[in-house]
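Next come two complexes built around chain A: one with chain B, the other with chain C.
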Partner chain A sequence: MAHLSGAGERGDRGQLLMIAVLVLAAAFIVLALVINSAIFTENLATREDVAGSEEALEYRADVTASIDAAIVAGNEDHELATDAELEAHARNEISTLQNRGGLVQAIRGGVVDLSYDTKQMGDRIAQDNTSRNLTNDTASADWRPATGVDEIRNVGFELTEVDTRGEPFRFRLEGGDNWQLSVSGDSSEVAIKVDTPTASAQCVRDEPTAGDPLTIDVTGASVNGEPCHALHRLSNGTQMWLGTGVSGSFDLRFQNSDRVNGTYSMVTRGGTPDTGIESGYDSDEPYVVNALYSVRFDYSYQGHAVAYNGTVLSAPGEVPP
Partner chain B sequence: MSTQTGNTDSTGEDRTEGGGRAVDDRGISITLNYVLVLGISATLVAGLLVAGGTFVEDQRERVIEDEMNVVGNHIAGDIEQVDRMVQVGVTKPDQAVINQTFQRTVSGTTYNVELESSPDQVVLTSNSPSVTVEIPVTVQTDVRESFAFGGETAVQYDDSADALVILDG
Partner chain C sequence: MVDSRGQALSFEGIAAGIILLSAVGFALQVTAVTPLSPSTSSQHVENQIQSTSEGALDSAAERGVLADSVLYWNDSAGAFHDASPDVEHYQGVPSSGLAISDTLNRTFADRNVAYNLRIQYHTDEGLKTQQFVEQGRPSDHAVSASRMLVVHESDRLVEADGSEGPRLGDPGTGFFAPNLDNESLYNVLHVEVVAWRI
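Let's turn to the complex of A and B:
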């Protein structure tokens, strides 16, 4: 037995086991590295997107909202009457945002650059007298605030009284095809009905009372601050918003405008305003004044990993094309 | 009571005629025993090594796939974010770029990133072992087929081609 368990055989067996152990140890080391990779993968999966990738668009939206508000305020400011004054107002707002926003973004690690590019002028047709009906200066109940209009935005009505007897008040866009909003109702409720060339829908609200007017934001698709699907999109996806189905230039038309009292405002581009309304601000009668229709400005965001540079259009209250 | 005939040992083997052969037989038996033990041990160890090696390799492939899945989803997110930058305005941007740095290797192997169209997807392929991961992307802007090495990638809008591309960062 002694010669069979000599040093040679023991050595061979030891080598076999040693090799096996070393190979297995190497396999376990590789396994440890693989587990390490798996742990790193879990860590990577929980990381957020590239810093600044969302901020570039968020700040763009903030800037656009600020300039939208400045354009609306400028158009409603009766002191700003000429194109040059309105343009200077928009330029100043952009310059202010450039100075203030640039500092904020620099602190956060990105650099923002804003610069005025160009503008489109238009007309603002409005009435500010809450107790007057919506006829023109010559008391025509069926009249056209403007004809040959190319674009329209920011349309809103604030009706203090709605006469629900007889034919309803209608606001129409008349091109080859027509888009129509009508306000009708019974003793307690008012229906805001929208007809496009292919569909119709309505929203129903309580009749306006003293101190509680019926506010219809046509381009914002809301009535009394609540969303109105008939002014935006139906549940089946059918588009209903202002001007749906109307192509090319169109006329604006009020029908039965003596049945409602209140105020309205809209901004148009192109076209000719009705001669039966005041040119220049008037607190009692409907009027037309110069207005900024849209402003384009260059927006640039440069972060350590994000670069975004483009032209932004600010046209508050414009519906999708 | 048995009677021993001749010179026999307690096992009953004849030591007179086959004594030498008997010793050789025992030797062969022990050698055979040794060979069998060694063979079985080697087989078991070899099986253990093969199973262990296969297990480790399988785990590695799974981890590579998971890792490329995560990296691919990050890149897909970058592509969709650049698409939003392109689509957000009425005019296309002059520049829209997102750079992101990932690890150059996944579980010890390098990998490539391809942007494919029809369907729009990001395809990541590791080199050794070869593992492929496809991540679909949903974009409104066209996608141009392009390629980058894994590591630093740049997703950008190519305004001349009006399409999204991926490049080395």
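Let's turn to the complex of A and C:
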């Protein structure tokens, strides 16, 4: 009897097996779909926004960096004195990049077109004498390199000697609200302190020694090549960089500038330079020369998958607004 | 009655088998090669090395280290400072005085990635190549990244100890790339990294 009824049971189990197999098969297919969509999502998420745009943007960054270097080199070239000469220099560099860089880019499959658009002129105020203090020609320790300045960029100091006694050397932007950099210190260390209208912070470095000056790249936010948070942004996000909190046009001011020796350079737009400094290059004393503040150029890139057109502004060492 | 059910059961069994096998086969097909599968030929790894190379070049260029390295040239010997004997460039690990070697070693050496560095420059006859660092022959899945660098006549060569050397534009200063016929621009260099996994 048991064998006979067993035949009936075996029939039921066949059906059960069938259902189990179908469920398993369906589960596998669903799993496969889930894995597949996960892979596809990851693939999509890591793709460029626009396929092929990376080459165009990368080359744009390359070109901008090159033009930046060209502007810096042009401004520091004492033989380029007039606006026309500086503009010709910028045009020349852009056309050389167009020809030389374009050749290499063409080999890689992209056609690049660069053309000069417009410029903004400014002044470069600097001192190249490493052993002189930072006073003006008439030896005023408290003086204004320029007044009524609209914009400023590429500010850097290279101090060979810092006298830490008494009031510290200060570099100030004054326009209602003030931004201030001061260089003070004790016997072995120097503090670079920044005060904005709402915050203050400082970076501490070793005192400069012979052959090892203290290099403060104010707009690049570094001291001796190392990042300095007090010149950029604090960990809580507070902005500290040059001119933070100063609106409209402003005056530049050096205070206690007889306490430090070294060189400096800055490029300004608008404003009137101090009458107590040389007009035209001078290797001994502070001077002001014509300079390119910024250059705008048209950039177009035709790649295999993307065509990019745009106008690019090059103003090396400009801090965010 | 019993005969016909046996046939049906057989068919069911075969059909179930086919479904099961095809489901397993499909699942295996889908998952066998993912972008994350560990393999030296994986596209994902190549993309990563490519991005890393670009990042290393960009960061070096931004800090001025790239220019200092390219200008680390001994103009009297006509070779990079402390370059391997008989060749002008570095073979294997570059001299520690080279500004970019730190960046490259930190980026690549710990990750089993080898790299070659070469510099393309312009001449009147067209593009020429100067080997810079040579670590071997790139494998089939090597990637490359490059960066343009403009050098000016006012740029200075870098001495072996890192101090400033002669100006590029001064007559008598030797450099691998010639001075292009232009006012203050010296040459347009293209620094290329070729990196591959070892």
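Everything that follows uses one rule, which is that the second predicted complex is superposed on the first by the 270 of 321 C-alpha atoms of A that agree within 3 Å, B and C clash if a C-alpha of one lies under 4 Å from a C-alpha of the other, contacts with A are read in each partner's own complex, and residues count from 1 in each chain.
In this text, a residue touches a chain if its C-beta (ideal position, glycine included) is under 8 Å from a C-beta of that chain, and two chains touch if they have at least 3 such contacts.
This structure is a prediction, so every number in the text was calculated from the model and none was measured.
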Name the contact category of A:Leu16: first (chain B only), second (chain C only), both, or neither. first
Report for A:Ser188: first if it touches chain B alone, second if chain C alone, otherwise both or neither. neither
Quick one: is A:Val312 in contact with chain B, with chain C, with both, or with neither? Answer first, second, both or neither. first
Report for A:Gly225: first if it touches chain B alone, second if chain C alone, otherwise both or neither. second
Have a look at where A:Thr41 lands relative to chain B and chain C in the superposition and call it first, second, both or neither. first
Quick one: classify A:Ser235 as touching chain B (first), chain C (second), both or neither. neither
Just checking: does A:Leu24 make contact with chain B only, chain C only, both, or neither of them? Give me first, second, both or neither. both
When the two structures are overlaid on chain A, which partner does A:Thr275 contact: first (chain B), second (chain C), both, or neither? neither
The shared contact residues of chain A with chain B and chain C are 17, 24, 28, 31, 35
Can you list the chain B residues touching chain A in their complex? 27, 30-31, 34, 38, 41-42, 45, 48-49, 52-53, 55-56, 59-60, 63-64, 66-67, 70-71, 73-74, 77-78, 81, 84-85, 88-100, 102-103, 106-108
Which stretch or stretches of chain C touch chain A in the complex? 2, 5, 9, 12-13, 16, 19-20, 22-24, 26-27, 30-31, 34-35, 47, 54, 58, 61, 63, 120, 122, 127, 147-150, 152, 154-155, 180, 182-185, 188, 190
Touching chain B in the complex, chain A uses residues 1, 4, 9, 12-13, 16-17, 20, 23-24, 27-28, 30-31, 33-35, 37-38, 40-41, 44-45, 47, 49-50, 53-54, 56-57, 60, 305-313
Taking the complex as given, what residues does chain A use to touch chain C? 7, 11, 14, 17-18, 21-22, 24-25, 28-29, 31-32, 35-36, 39, 42-43, 46, 58-59, 61-63, 65-66, 69-70, 73-74, 76-77, 80, 89, 92-93, 96-97, 100-101, 103-104, 107, 225
